[in-house]
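First chain A sits with chain B, and in the next complex the same chain sits with chain C.
== the complex of A and B ==
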């Protein structure tokens, strides 16, 4: 049997109980292995709800009316929650709410997910150090989680999400409390992530253009655009109220465009545009 | 499989303090026994002895600002109780002393002192438990004792709600102070500032509990493969202390029932 390595969303409509308008309307998309998908849009556009659906929080934990279908790597929530959940790592919008509250140290907090999976002691120790190194938390391993700054708590939340090596990583605004350096380090780390499907809700358009393979634009619950960052940002509609990446704005002012007429949106494309221009 | 959290953290092994080798259940039984002993008699010497023991336990363990605050508040309440009972206790007969023509009665003062001593015993022993036992230590110990992690988590969450509400309250009050809407100079002002935020405070705390519950399910806390954490902590004389303290509690409850039946 051929393993399904896609993430497919078909005509997905979601509505929370007690609300008149659906939060997501007729969403269709398909993602392939290893892609980083950036989800952007203004407030109440449905970004967090989409993350909740992909993570299985809806309908497994939070109830909502759902029409349509979605499956990740050949699995649906209805096929078995445990297997579906083991496949995903989730970073919630509120990172402090993600902590177990039962860990004395940062190391214990990261180990929590691994203990839950029944991992052997030696492997837990090794993995905790690996993940803490990736998230720049190695010096904080013995500190109490509550003593960390907002940005460090976000990094800890990401560390807990990636500890068990999930095949799909879903992050809802994971850098909102990070300082510029922390944010840069995070996106540098994200650029190195391979063979993991990543869904990231972010307002960091410039960084997203550097690391994202695909961008989804949500507006009032509808997916109004999807495609490679260069394609999406060159065709932004004014009423979506989404700013263009800094590089694109600069290139427009300089009238530097690529061979196909698009304006560059990231470093690599900017270099290419400059070459074309000269 | 043993999971040595200290090894994970890479923390150096340090010499354990005396209160760290007493397990959480022993400490809880100690609170129970001290409280029962305090309620078993009205002898003020015994009450003083119990307060002394509880104070020594606290002094030789850790002192925290929270304990001092709780103690300060309790002493304020006890002071109020002494005044009210000294003046208005229904069995007041013997005048002990008078201040500005107002008479304080012996019976009321003794009654209030006994009650106050009992409150102090409970506050001091609970304080000892709280400053010497972390929530995670309790959770680990209860899970090791055979409780399911789900049950342990529910129990610990209950312990969490009050501190979480207090944290939220502090944040709200700080925000109010910054905006100049909450001067909090007098007790009345402090009380007034609490009332309007009570409902949002409860809702916010419940919302946080909900978020934590979602997160825990996502993090697989009810996974049947979960490894039971074997703490590296070595508790001493646990079994003996459990049996001894439980026996004492049964004796004290039995004594109380017997004395009630016989009208002692």
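== the complex of A and C ==
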């Protein structure tokens, strides 16, 4: 059998019980292995609902009426929750709420899933140090999780989500409480993540244009644009109320454009526009 | 405009190594940003300014009066705070009741309480959600609701702890406009923030906290021109400076517009 390396969403509509309007309407999308997908949009656009669907939280934990279908790497939630859940790492909007509450230390919290999976003790310790280093938590390993700052708790939630090497990583606004240096370190880490499918809801569009392969724009539950960052941000509609990235704003002001007439949205494109075409 | 003066202020938490130590500081501008790394003392300072903590030594003076000598209602009318996490301050069953509860802490007249609550909700754009439960709102809307609870009381000084955090773009624009309206109408707005682009573009006065002390007070341009200081206190310059830097230009820019004005002829 050929391995399915796609993540596919087909005509997906979801509605929470007791609500009149659907939160997602007729979403269609397909992405391939190893892509970083940025999900952007204003309040009530459906970003968090889409994260819950991809994570399988809907319908497994939060109930909702669902029409349409989605599958990731050939699996559906209905094929078996264990396998689906093992495939995903998830960071939700309130990171403190997803910590186990059972761990005495940051190290134990990161190890939690690995212990559940029956990984050998020595390997667990090695992996905990590895992900703590990636998330800048190495000095906090022996602290109690509840003593951490908001930004550190977000980094801990990411560390626990990536500890078991999930094939799909889903993060809802994971840097909202980080200070500027923490945010920069996070996106530097994300830039070097390979072979993992990443879905990230973020308002940090400058960083997204540097690391994202694909951007999905949601507006009132509909997917109103999807494509490479340079395509999407060069065709923003005013009613989406999404700003252009800083580089694009600058290029528009200075009239620096690329060979195809688009404005650059990231550093590599800026240099191309500035030194090759202008 | 009301003014805040801090004189020889010290505060130490029991069983923690952190201590706040402010010699003499005076927030004189209508819009003041306080920046610094996590753990620098920014939130502790706000807790002192609202009376949630009491300094071990020193005095906080607002319009020349010792803040700790004021009655509770007088304190609420002098200083109002919006916390970082709106869920720390929302607990009523409806949006309107949430705002009315705040106003009821400073006055008794029902009609005025309701009028003020509705005016404040209109100002933040939540006037069509008055009957909803606060926890049915999005996080951005809950933050705006927490702002409305303070707007309705209308204190002389507004403190905001990370107001831009978790806000969508539409709400950011709305809140920035409210900040300027408050400053223009004789209020003082003091905000803690990690958003350097916002500080650079919107503020004239910025204070840097470092290990419980103020390490800098001045304009954003002076702050971001001091590369050594910015690095030492763990800040990042505004995004436009990183963009300029990648084009080999290490001068100080506060916004895209600032860059354009200085470079439009190249």
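One rule holds for everything that comes next: the second predicted complex is superposed on the first by the 276 of 278 C-alpha atoms of A that agree within 3 Å, B and C clash if a C-alpha of one lies under 4 Å from a C-alpha of the other, contacts with A are read in each partner's own complex, and residues count from 1 in each chain.
Assume a contact is a pair of C-beta atoms (placed from the backbone, for glycine too) under 8 Å apart; a residue touches a chain by one contact, two chains touch by 3 or more.
Note that the structure is a prediction, hence the values are computed from the model and not measured.
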| said: Looking at A:62, would you say it contacts chain B, chain C, both, or neither? Reply first, second, both or neither. | reply: first
| task | Pick one for A:149: touches chain B only (first), chain C only (second), both, or neither. | result | second
| query | In the superposed arrangement, does A:34 touch chain B (first), chain C (second), both or neither? | reply | neither
| First, second, both or neither for A:80, with chain B first and chain C second | neither
| query | Across the complex, what residues on chain A touch chain B? | reply | 55, 57, 60-62, 82, 85-86, 88, 90, 92, 94, 97-105, 107-108, 111-113, 115-121, 124-125, 128-129, 141-142, 160, 164
| said: Considering only the defined contacts, which chain B positions touch chain A in the complex? | reply: 1-5, 7-11, 134-137, 139, 153, 156-157, 160, 208, 211-221, 223, 225-227, 229
| field | Touching residues on chain C, where the partner in the complex is chain A | value | 37-39, 84-85, 138-141, 165-171, 194, 196-197, 234-236, 239-240, 243, 246-247, 256-257, 259-260, 263-264
| note | chain A residues touching chain C in their complex are 41-44, 93, 149-152, 173, 176-182, 184, 203, 206, 241-243, 246-247, 249-250, 253-254, 267, 270-271, 274
